[in-house]
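What follows is a set of structures to go through.
Presented sequentially are two complexes of chain A, the first with chain B as partner and the second with chain C.
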Partner chain A sequence: MKIIVARFWAVAKQAFLRRMSSVLEQSGRTILLAIILCVWWKLWQATDFGKFAGFRPKDALWYLMATEWIVLSIPYTHIDIEAEIRSGDFAFNLLRPGSYAGYQVANGIGLSTANWIAIGVVGISVTYALTGSLPDLTLARFASVGLLGLLAAWACTLVMVTLGLLAVWTNDATPFAWVWQKLQFVLGGLMFPLSIYPGWLKRLAEWTPFPHLLGNLATPMLGSGEGGGLLMAVLQVGLWVAGFSLILSFVFQRAVRRTLAG
Partner chain B sequence: MQKLKFYGHLLRLNLKSSVASGFWLQMLFMVLNNGIFWIIWLIFFRTFDQINGWRLPQVTLMYATAQFAWGIKVVVFGGTRNLARVISDGEFDGFLLQPRNPLLHIATTRSFASGWGDILSGLALVGISGLVGHIGPALLYAFALGCAVITFTAAEVILHCMAFWLGPTNTLSRQLTEYIIMLSCYPQNIYHGWLKAAMYFLLPAAVIGLLPVELVQGSASAGFALAGLTTFFAATAGITFHRGIKRYIGA
Partner chain C sequence: MDAAVSVANLRKEFRVKAKRRTFANLWQRKTTQAPSAKAKVFSAVDGITFQIAPGERVAFVGPNGAGKSTTIKMLSGILAPTSGDVSVLGMIPTSERSTLAYSIAAVFGQRSQLWYHLPVRDSWQLLGRIYGIPAKIHQQRLDTLCQKFGVGALADRPVKQLSLGERMRCELIGCFLHAPKVLFLDEPTIGLDVEAKGLMRDLVKDMCTKEGCTLLLTSHDTGDMESVCDRVIIINQGRVVFDGAVAALRRRYVTQKILAVNTYDRDVNWESVALPILERAAHSAKFAVDVQTTNLQEAMTQVLAAAKIVDLVVEDPPMEETIKKIYAATAMSTGA
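And then the complex of A and B:
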């Protein structure tokens, strides 16, 4: 057990160091975040903000920064897995000691942690430069939003590995990732908090993992006591991690069986 | 004529190959993908009345145009998505040796099935916007869409031509192209000053998103601006590519 943990730790560490040193990869995501924040800041300035459920433009931008921080930290692991399945490397890698799915999860965790650091630094700096103020939060609460976001990004890494494995059946995992990502945007409350959604959409969203892994974690940024308790948030993310792990394990076993049978 | 036949044949072959590999999955999921994102605008306009005079129909038409134009681009000229890789990996030599226009040849070497999903969702959203219901606006829109396709292709070619001078820039070129797509999906009437200029001349999101909507709404100046800027981007792409070839041969 100790050896397995050490092996996955080494994989995650290597992925982290690799991504941290890749200036091009990091700049692509961070510039994208800066553009998104600038576009939405301009959009909020062009609208009648008084109607926005009592939130101020700066609160809305800090909220967006927090949700984008999570979304952009999630690595595109499914693309690598899809490529390996198409090229046949997936079958070859199954022969290696150690779990292929475990390797991909550890690799994804390393990448998402590196993304999280770069995006956090740029996101906080750009949002502060645009709004001219910090969110109305204590430093500890602000840090908890960030750390819970990292945990959510790790949970979503499990999903990206699962989606990548679907290529064993369809030869193409990217379309699944598109839809997952867009559902995350809409049902997770990427741009706006769920509190402004129509009732039916809000109720629908609450039955999915998306708000627990995105919008709910960012709502403290809106100030005015928005957002649930910290413990509840940790519990919800933890439950989704457990659920996604079970699904990944099931899909991986099926994928291995299908590959070996083929 | 013979050249046209060649490119027509190449296009048919690419379409056949894109249909063979996961066509329905990519197309359907792209329609879903675009449709789900549009819901964000529905929610937005449920809370806010307008963005600098634009309401849901205008924003829907803008979003539809970006999807529609990008869909046509990746179906017909899908090869430009890999232009930087073709240049930096040395595959470009093969295209230079053939008696065809290398840019057009590379552009027509690939077709992406997901583009059909963009075309379908674009068509549906144009209908939903309700702004292109009559023959006059429909003809103007067809012209604007053609300009948007040319501008998308030209901008992508310019960005990928960086590989002639900077080496392997495929990831960077693709990322910059994605920024243009993303910016085309948000109203460009919110910018002022240098940001507005950048939306017209640097990352031409306004040429793809804003001008077609204004043209359909009867702005003649938008039509002239659209024609002028499309010509500008097409010419810049052609010049950049030919300068790049000179450098490539010289190197």
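And then the complex of A and C:
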């Protein structure tokens, strides 16, 4: 057990350090976030969105920052896996002790943690600079939003690894990831909180993992007691992590079986 | 003593679909014929059997598509056989891959087990963790291997900045880190220059001898076979066509000797010599002697009588020629 933990810890640590040291990649992500925040801030001020949706523009921007914080932290692990499957390296990586899927998840966790730190620092700074104030939250609740966001990014890493492995059958995992991302944006409430959605769409979304891993986690940023309890949020993310782990394990076993068959 | 590698009647078939599945031909297939009629079965490995004793160094030689890499993949557990038995260190590779992984290592010439963007040292460090090698033992072993393989400053460079020869040396260090009992090398010298090839061969032979590591090496290059291995298994069209010592291969298949002579005179009239001339140049010539029909001593006498000889050497033909003969003979016997 100790060896297994040490093994995955080493992979995650290596990925974290590698991503932290790649200044260009981190700059790209954080600049993109800063642009998104600036554009939406101006848009909401110009359209008086706050009045229409019932939120202050300041709170809506903090909400957007929190959702983008999660989305931009998720690594594109599926692309690496797809490339390895196409080149045949996937089969050769099975020669190492331990699970290939486990390595990819550990690698994704390392990358997402590094992304989360950079996005968090820039996101909070830029949002604060634009709005001139912090969200109406206690520091502990604010921290919990961030940490749950990290957990959600890890959960999404499990999905990205699963989607990448689908390339064993389809040779191309990008369409699956693309569909996942678009559903996440729409049903997860990336731009707007689910509370302003039509009732039927809101009910539909609640049956999917997307709001539990995105919008619901950011709603405390809207202030005035928005969002469910912390414990419920932790439970929901935990359940999705468990569910995604089971799906990943199933898909990985099938992918290995398919690869071994030639 | 139990064999390190044991293969019995191993077979691998691939089903090749004749047509891609498109909406158009899905409809056609549904309406005209059964789906299986479109699939062709191709035998990559066709019932091979051999055993390798612990510590033995065996070359697995064959032309392109002979089934060498397919066999190595089945032995290392990343490809399941269609039928037959495979055992490596007493384990079944496909079902016990995770356990077997600690005791074997593999280098596939065109692929890298090192992380492309990381400095080599970090890759080795990561491999150490993956194989669960205690830090102190890992460091000692790494120091020894780095010294032996002469990598020194290379270790701090990212893998992507290494030349092929440098990378292969680093790959081998990665392989030997966890002291494997069986080493599979698939075309390890492909693309290397003569000097790098020589170095690789010496290092592999030396390490395997010292550590008692069983080696199965596939190669197109008969030089790898002659320099590193004691035994050779020749495979063609998925079947073993020769299995024995390298010396036995020569005895059995080398039916020709080459007489290479250097002469005192620049131009010599060789008409009196009743041997085929392979090569002719100023002050030198090479003759082929079929030892099954011609007495070598008589052939030498003829040559010595025809000119004033400065030097005379009896050579074996290049091993490539011998192997080619074996391939041709098996192709004829199978009617391919």
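Basically, the second predicted complex is superposed on the first by the 258 of 262 C-alpha atoms of A that agree within 3 Å, B and C clash if a C-alpha of one lies under 4 Å from a C-alpha of the other, contacts with A are read in each partner's own complex, and residues count from 1 in each chain.
What we mean here is this: contacts are C-beta pairs under 8 Å (C-beta built on N, C-alpha and C of every residue); 3 or more make two chains touch, one makes a residue touch a chain.
All figures in this text were calculated on a predicted structure; none of them were measured in a lab.
By the touch criterion stated above, A:185 is placed in contact with chain B alone, chain C being left untouched.
In the overlay built on the shared chain, the residue A:129 is in contact with neither chain B nor chain C. In the superposition on chain A, contact of A:98 is made with chain C only, not with chain B. Of the two partner chains placed around the shared chain by superposition, neither chain B nor chain C is touched by A:242. When the two complexes are overlaid, the chain among chain B and chain C that reaches more residues of chain A is B.
Touching of chain A by both chain B and chain C, each in its own complex, is seen for no residue at all.
Taken together, the chain C residues at the contact with chain A in this complex read 12, 14, 73, 76-80, 94, 97-98, 101-102, 104, 106, 108, 111, 113, 115, 117-118, 122, 125-126, 129-132. Against chain B, in their complex, chain A makes its touches with residues 24-25, 28, 31-32, 35-36, 38-39, 42-43, 45-48, 51-53, 170-172, 174-176, 178-179, 181-183, 185-186, 190-192, 196-198, 201. Chain B meets chain A in the complex at residues 21-22, 25-26, 28-30, 32-33, 36-37, 39-40, 43-44, 46-52, 114, 171-172, 175, 178-179, 182-183, 186-187, 189-191, 195.
Interface residues of chain A facing chain C in the complex, by the touch rule stated above, are 3, 6-7, 9-11, 14, 18, 88-89, 91-92, 94-98, 259-262.
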